[in-house]
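Two complexes, one shared chain (subunit A), two partners (subunit B, subunit C).
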Partner chain A sequence: MEMTFYSGFVIPFIVGTSVLFAVILYKYVRWMARLPRRDKLLVWRRMFSVATLKGLWECFTECLLHRRIWRVNPLLGYMHTAFALGWFLLIVVGWVETVAYLGWRFVPLQGHIFFDYFTQGMDHGPRWGIDFELIMDILLLYVLSGLALAVFKRFRSRSLGMKRTTRLTLGDRTAMGALWFVFPMRLLAESFPSQLPLWWGYSIALGVFFVAMPFSRYMHIFTEIPLIFLRRWGIRSEAGREKSFDHFQLEACSRCGVCIDPCQLQRDAGFWNVQSAYFIRDRRYNNLTRYVADNCLLCGRCQRSCPVGLELDTLRLGSRWTLSGAPSNGRFNYARGVDLSSGAAGSGDRRVGYFAGCMTLLSPRILRAMERIFDAAGEPVWWADRDGGVCCGRPLKLSGDLDAARDMMRMNTELFRNHCITMLVTSCPICLRVFREDYRLDTGVDGPKIEVLHHSEYFARLIAEGRLTLKEVGSQLFTYHDPCELGRGCGIYDAPREIIAAVGSLVEPTETRSKALCCGSSLANTAINDIAQVRMAQTVGRDFEATGAATLVTACPLCKKALARGTSLPVQDLAEIIEHHLA
Partner chain B sequence: MKKVAVIGGGPAGMQAALSLVQMGLAPVIVECSSALGGKLKDWHQLFPSMTPAHEVLDELTGQIADAGVEVMLHTEVEGVTGQGVTLAGGRKLEADAVVVASGFDIFDARLKEEYGYHIYDNVFTTVDVERMLNKGAVALHDGSAPRRIAFVHCVGSRDEKVNQKHCSKVCCITGVKQAMEMRTLFPEAEIFNFYMDIRMFGPGYEEMYQSAQQDYGINFIRGRVSEASPTIDGRLQIKAEDTLVGRPMKMTVDMLVLLVGMKAGGSNAKFSAALPGGGITLSSSGFVAPVDLFAGNVSSGLEGVFYAGTVSAPKTIGESIDEGAMAALRVAEYLKGRK
Partner chain C sequence: MSAIEWGYGINAPRTMDLDRNDIGPAREILAEMPEWGACIACGGCTATCTAGNLTSFNFRRVHTLVKRGEYAGAWAEMNKCMLCGKCRLVCPRGINTRGVVRLIKRKLGDY
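And then the complex of A and B:
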């Protein structure tokens, strides 16, 4: 039978598909070409490694099955899987069906898509013992069930586990509107294949969706694939600049809105347009404001929940860097007048260095506790802050002023090296994070290795080595707040709990460990005022009060100050708790 | 005779009661502590005239006694309405009108942990200094005389970090006054005031500030103190920025005096919460909000409830007394209208 596979109604589909692939090709080629040389080398080196196979598997589990969304909420997962896997299988089975009925021959794209139209009058009975009609109908029903959930979600997101769903852009609305029509039109057209207007409707819906797609949130459908591979090959965004790779992350964001609910700025402080989904949207469409970039606690709660695994904090830092204008060196010369030569060189020889950091210096109870604990353990300590230690640099980094931050890092590194310490202990998780992520003290690259420990880890070690004996003072009930920089930031959850367990018992709040709430006063947010910070602290405070604990313990001097403003419970640092229990 | 409940027996409450008696009404002062006088009881001398505080206190309490005003001591108030007040334990005190003169709280300096109050021995608040002056025992913890004293302005005032956005108004002049008192006690000491602004709003204040500099040799440095830490020899090292010179600075002192601010009275929130849906409303700083700051400055907006003194904002003692009289006048007008 001679088949032309042409009818007027296929034009919208053909145009849409052509635009879609032209735009996607243009974008991907451009972004890849602009990758820095180092990233390109990484791609070439790792392309033929096991990383690629792992990427393939991840494409299957994430782009088709959406495993991570299932973990957020099964109904939400079902909806995404129905669309992705259902549509994918419709295309694959549809292609096999074409071969089954028409044999090995060239069939243009529209021949596959509008198969039922072009094969009217043909016997659609089972081929090779397989009832393709039935399979395709079931698959279509599967997708339609996902669609029903999607429509329902727009009006009642709460039943799909989301208190709030994202607000849409014009491109999103167009694409979504078209998408809602695609499958019902397909159902109608295939049910009444002789009705040409139905085929026109189906083709137009597809065409509109494809044209709108690269300019809408549905760009994520394709973009997550290159993102997965590039990530597997070791390419990352950077805090210090915006990179070409960022485009893959930005456009892989489906604005699903899973990041909105965990955001405390939304929950407790009433900010509705700064969450990661909106930040990414604004940056993608080039209307990011300093306000949106700055209005984030960088607590990491959204990053932890992102089903696409986007580096949300890093992307935001990159934007802050761009928006902060030209490199600011010289604008504030923070290091002016600091004398690094005070204190004899080598005075910390083979010793433990202690870096209090500014927030601990502002919390003298912690400082005094540290002093007593070092004494009790018989540890001869070199005090960095007394010998010219400057700011760790993290506050500057968080505000996007990476040049000034690097100045601070250079000065401190030089100081640590001059004094020949072998271990650096800090009671501030903000300092700890920058020491671990940026200083590279323990790599041995530019000098002997210096081990960096948070005071909780150091205490746990002292206790394990028997250098610190603690006595129990009655049976005390503690609750513990995981500081963002310590928990999600540095992955330290157990050491503080071990210490609390050594002196009393611990009751956990409802959201704890990697899900822990931010104290609300993060240094990273330079856009909100004190009222919003206190509101967040109060919500967190209520959570801790509900545990029935007598004391709220934290391991960050900033969290300590912040929480004290929001709760009636006494708030103490781990060091203070230990100090009370020194034998 | 119509009965008026006056909550609080400080200067504003006492003056309100006295004026109410003048107008032929029967005030009842409800005071939570053991004596009349409010915080005036703790003060030593009053700026700018250096009038001994007890003179003002004795004058007011004497008049109260002479007028035979009913006073209920040791009595907490839980709620306020235009028909009376609810006392602790649920007992009701019926009244035809209520004057809320429950005053302010003193900011807890421990919340500014960086200044080391209750951590280091020689960090005091202005309230501590007044008490020491009253006892005639101003000295360091070990009993010795300070050689260098620093006053820190705005501790718990104009400070978002501790939820105290407002200016407490009287601390600047208190800092000047106490510095001069310290100079009299310790002629050899160096005395510094670290300030953000010097707000000399009252009569004679500016003159006093001038005199502190010219005649008393007090140093004023514009800049906030960021932190205090102990030195090896048991003194205190403070870090600050001299914003006129534009340089950070460190100074070692023997005594650090924190000019603690006025915090909204703890009972304000209780009164406001007891009347959900209006009545007593609070401003963002937690002080009660009068109808307006002009002709309605002692009116609550709730029928029969009036304000006097620092319950509505930081005020001087003179201003509080003025408001006591004003509140009494408004109560009389209100009750006359009701007959």
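And then the complex of A and C:
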């Protein structure tokens, strides 16, 4: 049978597909070509490794099954899987179906897509013992069930586990409208294959969707695939500059809006246009404002919940650098060589230094507690900054001034090295994070290794070694607030809990550990005012009051001050409760 | 006849002519950060300042001068700030002091 596989109605589809693939090819080639040399080498080196196989598996579980969205909400997961897996199977089974009915021969793209039109009058009974018609109908029904949920979600997103959904752009709405028409039109056209207008409708819906797709949020459908592989090959975004790789992250964002609900700026402070979905959107379309870039706590709650696993915090830091970063030009030379430290640091291979950090210096109770604990443990300590010193550099990094932050890092590193310490203890998680991520003290790269510990880890170790004995002072009920920089930032959840368990009992708030709320006063946000900060602290405070605990414990001097403004509970640092229970 | 060298002199006049000073940039900063107007010049910010502990940097002095249209040297001084945030915590008026620092640096880079 001679088939031409051509009819006027296929034109919108052909045009749409051509535009789609031309744009995607242009974008990907451009972004790949602009990758820095180091990243390109990484790609070549890791392309033929097990990382690629893992990437393939991740493509299957994430791009098709959407496992991470299932964890957010099963209905939401079902909806995404129905679209992705359903459509994918329709295409794959459609190709097999073509081969089954027409044999091994060249069939142009439209021949596969509009198979039922071009094979009218042909016997559509089972081939190879498989009822393709039935399978295709069931798959279409599967996609339609997802579509029904998607339409329902527009009106009642709460039922799918989302209090708020993303406000869409015009391009998004166009693409979404077309997408909603694609599958019902397909159903109609395949039900009445002789009706040409129905095929025209189906083809136009596809064409419009394909043209709008690379400019809308639906670009994520294809972009998540290269993103997964590049990530598996070890390519990352950087805080100090915007990179070509960022494009893959920006366009892999589907603006699904899962990041919106966790954002406390939205939930408690009433900012609705600064969340990661909007930040990414604004940066992608080149209309990012300083306000949006700056108005973020960088608490990491959205990054934790992002189903695509985007490096949201790093992307925002990159933008902050572009918008306000400047070369340091030696503007901190006044602090060079400053050494206001005191005390001796023990001897031999155990020389402990203590870096209080700016925020601890503002909390004399924590300082006093630390002093007594060091005494009780018989640990000679070198106090790096009791009488003042140079900031750790993290606040400058968070505001995009990475070059200036590096000046701070150099000065502090020099200070630590001069005093030959082998262990650095800090009670500030903000300092801890920058020590671990940027100082590279424990790598031994530029000098002897210096182990960096948060005071919670240090205390836990002292207790385990039997150097610190604690006594029970009645049975006290504590609740614990995970500081963002300590928990999500450095992954320290258990050490503080061990210490609390050693002196009393612990009740957890509703959102805890990696889901813990931010105190609201994060140094990363230079845009919000006092009222917003207090409002967030009060919401968090209510959560802790509901636990019935007598004392709220935290492990960050800044969180301590912030939370104290939002709750009637006494707020104490870990060091203080240990001091209170010293035998 | 040359003047007698006493080894000291008279201070240069330090008057501020508020009628002549260009208040524009200060107003712009105030418009973006209205809470800045709530400052009572208590000096808490300066007393806790990490940078002020190491050098003569005086946040209260600089931002008060800026408010009055005296911009000379303000940008260079503000560049000493490490943005550590202690000033914001002690401010009894709850002013976003780090925001003020960043605004002054952004608006007064030309002076």
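In the analysis below, the second predicted complex is superposed on the first by the 555 of 583 C-alpha atoms of A that agree within 3 Å, B and C clash if a C-alpha of one lies under 4 Å from a C-alpha of the other, contacts with A are read in each partner's own complex, and residues count from 1 in each chain.
To be clear about the criterion, a contact is a pair of C-beta atoms (placed from the backbone, for glycine too) under 8 Å apart; a residue touches a chain by one contact, two chains touch by 3 or more.
Predicted model, so just to flag it, every value in this text is computed and none were measured.
**Student:** Aligned on subunit A, subunit B and subunit C: do they clash or fit?
**Tutor:** clash
**Student:** In the overlay, answer first, second, both or neither for which of subunit B and subunit C A:Lys561 touches.
**Tutor:** Both partners.
**Student:** Check whether A:Pro570 is in contact with subunit B, with subunit C, with both or with neither, and answer first, second, both or neither.
**Tutor:** A:Pro570 sits against neither subunit B nor subunit C.
**Student:** Quick check on the superposed pair: does A:Pro126 touch subunit B, subunit C, both, or neither? Answer first, second, both or neither.
**Tutor:** Touch partners of A:Pro126: none, neither subunit B nor subunit C.
**Student:** Taking the superposition on A as described, I'd like to know which of subunit B and subunit C A:Leu362 touches: first, second, both or neither.
**Tutor:** both
**Student:** Would you mind checking which one, subunit B or subunit C, touches more residues on subunit A?
**Tutor:** Subunit A has more residues touched by C than by the other partner.
**Student:** Return first, second, both or neither, reflecting whether A:Asn529 touches subunit B, subunit C, both chains, or no partner chain.
**Tutor:** both
**Student:** If the two structures are placed on top of each other, which part of subunit B overlaps subunit C: 115-123, 241-249 or 259-267?
**Tutor:** Among 115-123, 241-249 or 259-267, the clash with subunit C belongs to 241-249.
**Student:** So subunit A touches subunit B in one structure and subunit C in the other; where do those two contact lists coincide?
**Tutor:** 361-362, 529-531, 561
**Student:** For the complex, which residues does subunit B have touching subunit A?
**Tutor:** Contact set of subunit B toward subunit A: 111, 113-114, 116, 119-120, 160-163, 165, 226-229, 247-248, 284.
**Student:** Where on subunit C does subunit A make contact in their complex?
**Tutor:** Residues in contact with subunit A: 35, 48, 50-51, 53-55, 79-80, 82-86, 89-90, 94-96, 98-99, 102, 106.
**Student:** Could you list, by residue number, the parts of subunit A that touch subunit C in their complex?
**Tutor:** 324, 331-332, 334-335, 338, 358-359, 361-362, 388-391, 393, 395-396, 399, 401, 408, 521, 523, 526-531, 558, 561
**Student:** Using the touch rule from the top, collect the residues of subunit A that touch subunit B in their complex.
**Tutor:** 337, 361-365, 367-368, 529-531, 534, 561, 564-565
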